[in-house]
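By written order: A, B, C, D and E. Residues from 1 in each chain.
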Amino acid sequence: MAGLLEIHNLSKSFDATKVINDFSLEVVEGTLCCLVGPNGAGKTTTLDLITGRIKPTSGKIIFAGEDITAKHEHVIARAGIGRKFQVPAVLRDLTVRQNLEVSYSRQTNPFWNLFKFRNAGLKEKLDEIATLAGLKDRLGERAGILSHGETQWLEIGMVLMQEPRLLLMDEPIAGMTEGEIEKTARIFKDLRKTATLIVVEHDMGFVREIADVVTVMHMGSLLAQGTIKQVESDPRVRDVYLGEQEAA
Amino acid sequence: ATLKKGEPIKVGLLFSLTGALAVPEEDSTLVLQYAFDEINKNGGVNGVPVEPVIVDAKSDFNVYSEKTKELILREKVIALFGCYTSASRKAILPTVMQRDHLLYYPTCYEGAECTQNTICTGPLANQHSQDLIPFMVEKFGKKVFFVGSNYVWPKESNKNAKVWLEKAGGELLGEEYIPLGSSEFGPVLGKIRDAKPDFIFSTVVGASDIAFHKQFKQEGFKVDSMPIASLTTGEIETRAMGADFGAGHFLSAPYFQTLDNPTNQKFVEGFLKSKYGKNGTTHYNMEETYLSAYVFKAGLEKAAAAVGVENVTPRSIRDNSGGIRIEDAVSPEGLIWIDENNFNTWLKPKIGQCQADGTFKIVKAADKQVAPDPYSIYPDAGTCTKDGLKGPDGKVRKNVI
Amino acid sequence: MDLGSLLNALILGVSIASIWLIAALGLTIIYGTAGVINMAHGELIMLGAYSSYMLQFYLGLPYLLCIPASFFIVAFVGLVLERGLIRYLYNRPLDTLLATYGVSLVLMQGVRLIFGSDPKYIAAPAAFSSNISLGFASISTFRVVILGVTALLVFGLWLLFYKTRFGVQVRAVMQNKEMAASFGINSGRIYMLTFALGAGLAGVAGSLFGVLAIVLPTMGASYVVQAFLMVVVGGGSLAGSVAASGATGELQSVLAFFTNDTFARFIIFVLIVVFLRFRPQGLFAQAGARR
Amino acid sequence: MGNIYHNKTAQWIVYAVFFAILAVIPIKIDDSFLLNQLATYGVYGMLALSISLCWGFGGILNLGQGIAFGLGAYGMAMTMQMQSQDASNPIPPFMLNNSLDHLPLLWQPFQNTTAGLILSVAVPTLFCAVFGGIMFRARVSGPFFAIMTLAMLSAFYTIIIDRQPYTGGVNGLTPPSAFQFAGVEVDPYSPTAYWVVFCFLMGATVVAKLITQSSFGLVTQAIRDDAERVRFLGYSVAGYETVIYTVAGLIAAIAGCCWVMLVQYVSPAQLDVSFSLSMVIWAAIGGRHSLLGSIFGAFIIQGAQSYLGDTFLATWLLILGGFFIIVVRFLPNGLASLLESGLGLLAAKRRSSSAAVERNGDANPMPAE
Amino acid sequence: MLLNFDNVASYYGATKILKDFTFEMEKGQCLCVLGRNGVGKTTLMRTIMGLTDKSTGAIRVNGTEISGKPPHIRATYGLGYVPQGRGILSDFTVRENILLGTFARADKAPEIPELCLRIFPYLKENLDKRAGLLSGGQKQQLAIARALAVGPQILLLDEPTEGIQPNIVNEIGEILKMLNKELGISLILTEQHIKVARKLGDAFLMVDNGRVVARGPIAEMTDELVEKHMTI
């Protein structure tokens, strides 16, 4: 079975430093893949490359059978890839409601949108997501004043509004309470039924709970891949990433 | 607009009192107020005092246009006095023509206009350099370099100057135009240095002109061996640039503050002492403006005599202004009169040389009044008559601008 | 069109560049550090010229002393402006554009009310109204003076911004005011001083331009747009402004040598547009932050 | 509940009232100067509106709106100029002075009024689409785009002056007679001219309002906030920016045509930096986030300039400058925000009296909606 | 008493975020601030630094009243701040960012304390890299190093381990413990992980809806309390 997303021999250099080095990855449809690795391993950069934010020095990215390597960000997004950023990026001057509305991007053509005043199905979806993200009674608030955790939730909500086939989540639970982490885990597990996810996280407890496959990056390359058990017991992973205590 | 018995005669003064054009135009407003005060003191026009309505055009052509309408339609003035630049004149002429009104345009311009609604009291391009070019060629040599601001008046003036230059047997080495308001003359002076002319003919205006003269000296050019012959560098300019930058250069104008005649002495003294004399000098543009008030007075009186006071319209004033003479006793520059066909002014251009104190010494004066000819260099376009531009085909076209 | 004239044009280019640069220096500091789009910059230049005029006319101060004196006078005006108005607008950069436009109107009309609208005259030492010839090349002494002053100021600013504690503080404040404050930097004071410094530089430019060109209430307007273009093309950094002015000055001089002044300007404007098309962040601008 | 200022229905009612007032003026008042003046203000209003659309809603500060306005105005002036030339004499007088002996190609289409009108609007619009398209694709934004429009404007300004034989140089074009359409002359001082401008102003405002309320408007606001982020939601940011910039350009071009119809001249001054800056100022003073506010800004500033300017001759600019400073300092969103906060206070009062019980507030520091 | 809050309220605009905040903290203590998202933990930190729009009531450091003072003065009382979102100056190099910390030092020494680099080898190797290009976790490390450069009496840490790889999280835990126990630096720490809080903290402060709902020695932080104020 071909993967929904295939990354082939991806490399990326900034000036002289090679940040991604011959990295390959395949993510099967309907699975949740956790991407882990030390700080600076290149996880965020990989997501940048997938979403077209930066262009690779070499290598190829294929999504749903289509080569998206050279495509623009919005084209890739339209193809069905949604992303949550590591530093939560919401539209700070807009209200929470508007943030979610904009994310409901069924129609992206500017000319069509000139004549569109009401979005079919928006209201129900918005209600559902706002409830899920716990922002139901903050809809009228300007997004810029939300606390860090609330902002995280809003951005997760935005990605869900997009209804992408592939969700890229860069450290979604940073700054969440333990209760919220559990809730997030539930949501992600639910999502797997309809979508595919790549989650970047450092919280191994969370990874353990949700991951189908765990991919470990180190210095821009693949270090290990497999189930959480396999990975956790890999001495190299323990050495560069987990440390003794965590593995124990 | 018609005159009403017992009410003062309203005229509009449309000049900029703020912004970049305020330097010359504020003086125009002041001198006109002075002139109308003088006229009113001496019994007014046709026995009625004149009431100038002063507006500020803010150096903005849109405002010129708006204020013109306001003066004509709302204030119902009988005539307008205004503008210093061709661009502002052009901006308001459609309105003036559309309302068949009357504009006194009191400064030099390029000509090539034939409307039924303007009277101009300044020199036309054909009058301005007629004497200056031969004079300079004779005195300094045949080779000349033209420098001007980049707009219509300098270009047209230069076309005229070329005619005189050819007649005088001179040679044109180069022609350069500087953006209006620019103060960077390095490149132009570089070209002049390479060309080595005997003198420079300048139609640079305003702030640029001052920068030009300053940089001329700073770049090591010598006024004795390569003077600037200008159509614009008058008393305000020489004072602002510092006399040592102006000294030695030449100007052609119908009027200089130093003109030695009783009328001028009275004018200079009277004006400088009056409450309008705060800027401390008189210059050609002011004098031309001053004259326009008297041309108006004479024209209105003539029109009133011809059609009756009640029936005087702006147009009738204009139609009756042909041939009006302002005699030596009134005109500081000496006798002038209005042309019967094109309604520009017959006048005597004079050449002055700037002295160390910023005043001018008159070195040559035309021996008789020179005829204004707005189409001197475009004989094919036709001739300007009272009723419009008469083309070679014999057709008369109105409102040609 | 011999080589000598071209060489002359190149030398002149350096001089034109120094004029563009000195007009843009103060703006670079103010825009580069505080992000304030100061439309009153031209009027600060104008104030510099008028300060020199006043000092010379009323106090008889020699011209060379008028230059630094103008720096302090205009710097003081800048200080007052910052305390009274600009400091309330730091988080609204585009609003500073509008507010300072209002300031420029007030300054211009204020000066006109006090001094009248006729041009004023600043006398410079006689030595400045001559030229220096180097073989076939020639340049006016005063242009050399401007060049010298500009070079000195650039060097001084470089030292100040990159070699002193103050410089680090300024750059810290400009990136993140809150963080700078949290680490003991008095951002209000920094803003105030940089604004005053930028204004003072405009004052120096003014006292030089007053001699080169003209002293008028409206003189500033012609400098502000070109200064702006330089700052933005340069990306708001000191080095950027130097490079941008250098390139523009040379282009202006050489293009005017081959065509005419107006057309040279046209080409420069078009080139600026084309340049920004390919380097939207200006010269020497660093890539944006990551997310 | 909430601030009625943000209520869509209320907004439309205010629009209707505003235009109703403008509509009765020519019926009630017989003063040709006032009509012409108000019509000119209407043109300025359109310009302020276009700035508000592009800057207030799109976040694209355009310091070169004079380009679209000027090109439109030049096209219209060329059309009108050609209307006053007859077949025996097809070349405008100023060209003769510049030694052109035949009508340049550039001018030929304008011999036909319809073609001239179409070109007057199409050329600037197309220019905006192409220029905007290229720049936005290159992701030029913020102050950099503003400066580019400024540089582009200056380029147009210089070239128009430099190409005097085709453009009339600094003097510009002054068609000697009024605009004729379908054989009828539109007297610039007549109610007809007023109505024409009025209709275009109203049309432009309604279209602009609808745009801001459409999905397009929402996306545009999002782009203003954080263009980078919006790309990842699947929207082509450059596309949206180009469209809003072009629509603003179109409005300005129409304004340019109306303007020449009213004043019968155009010159490079219409492409001067200071004129484009004043458009931005109108919008800013009136309130750039409010379409009507911007129009209002143009009306009051131009009105004050016309009516107060001569009363306070010497101090007028001081007053104007001081006014800007005060508005910007205390009303960041212009005069419209005065209304907004006024109504907001009203709403708050209403709320606090009806819900005083819930003082000890729970979860929300600010009441949601 | 090292730090003392007496009936403090803190505002953004007109919105009151912290209400009736009263607590104290002794020298050498590690105080953990706990609570759900959006209850005001970050606001507490910012109130201490003076970064909120307005605050009322008394805040004292070592008995000195600081509540009227601007942030840059407060910094000189030995407050080292690691903000949420890191607050790295992206145009500065790593070195300059750490140097920034020395500006608030009481001794004004313009050198980077050796300690800051020893803990984070990546920073030591990349001193001249532009900080904006660092990865998220690297930035977090830099933020901690910078706060240490202040030579602080009190270290304010707003979720310091967010986004940091597990083995370094442990290390940071150790380091904080070391700073606290050996160097006597007092810590105020917001944490979402109860485990970490229990391990490091001497005392806790439970916040809910802008109010202190419970405080005391860490041992008194019962599961019940956690259950009540931390879960959703």
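Assorted remarks:
The rule is short, and it goes like this: a contact is a pair of C-beta atoms (placed from the backbone, for glycine too) under 8 Å apart; a residue touches a chain by one contact, two chains touch by 3 or more.
The chain list, named the UniProt way, goes like this: A, E = ABC transporter ATP-binding protein; C = Urea ABC transporter permease subunit UrtB; D = Urea ABC transporter permease subunit UrtC.
Being a predicted model, the structure only gives us computed values, none of them experimental.
Hopping across touching chains, the smallest step count from chain A to chain B is 2.
If you compare C-E with B-C, the chain pair joined by more contacting C-beta pairs is B-C. Separation between the centroids of chain A and chain C, computed from CA atoms only, is 47 Å.
Chain D has its Cα centroid 37 Å from the Cα centroid of chain B. Chain A and chain E have Cα centroids lying 29 Å from one another. Chain E has its Cα centroid 76 Å from the Cα centroid of chain B.
Under the contact definition stated at the top, the residues of chain A that touch 2 or more other chains are 44, 85-87, 89. Multi-chain contact residues, meaning those touching two or more other chains, occur in chain E at positions 12, 133.
Counting partners per residue, chain C has 109, 221, 262, 265, 290-291 as the residues that reach two or more other chains. Listed in rising order, the residues of chain C touching chain B in the complex are 5, 8-9, 12, 15-16, 19, 109, 112, 116-121, 123, 128-131, 133, 138-143, 209, 211-216, 218-219, 221-222, 252-253, 256-257, 260-262, 264-265. On chain E, the positions that touch chain C within their shared complex are 49-51, 70-72, 75-76, 79, 81, 83, 87, 89-92, 96, 99-101, 103-105, 110, 130, 132-133, 146, 150.
Only residues 14, 37-41, 43-44, 86-87, 134, 145-150, 152-153, 171, 174-180, 183, 202, 204, 240-243, 245-246 of chain A touch chain E when the two sit together in their complex.
On the side of chain E, the complex with chain A involves touching residues 12, 36-39, 42, 84-85, 122, 133-138, 140-141, 159, 162-171, 192-194, 230-232.
Against chain D, the residues of chain B that register as touching in their complex are 17-18, 54-56, 58, 60-63, 65-66, 69-70, 73-74, 85-87, 90-91, 93-95, 97-98, 112, 150-152, 155-156, 179-180, 378, 380-381, 391, 393, 395, 397, 399-401.
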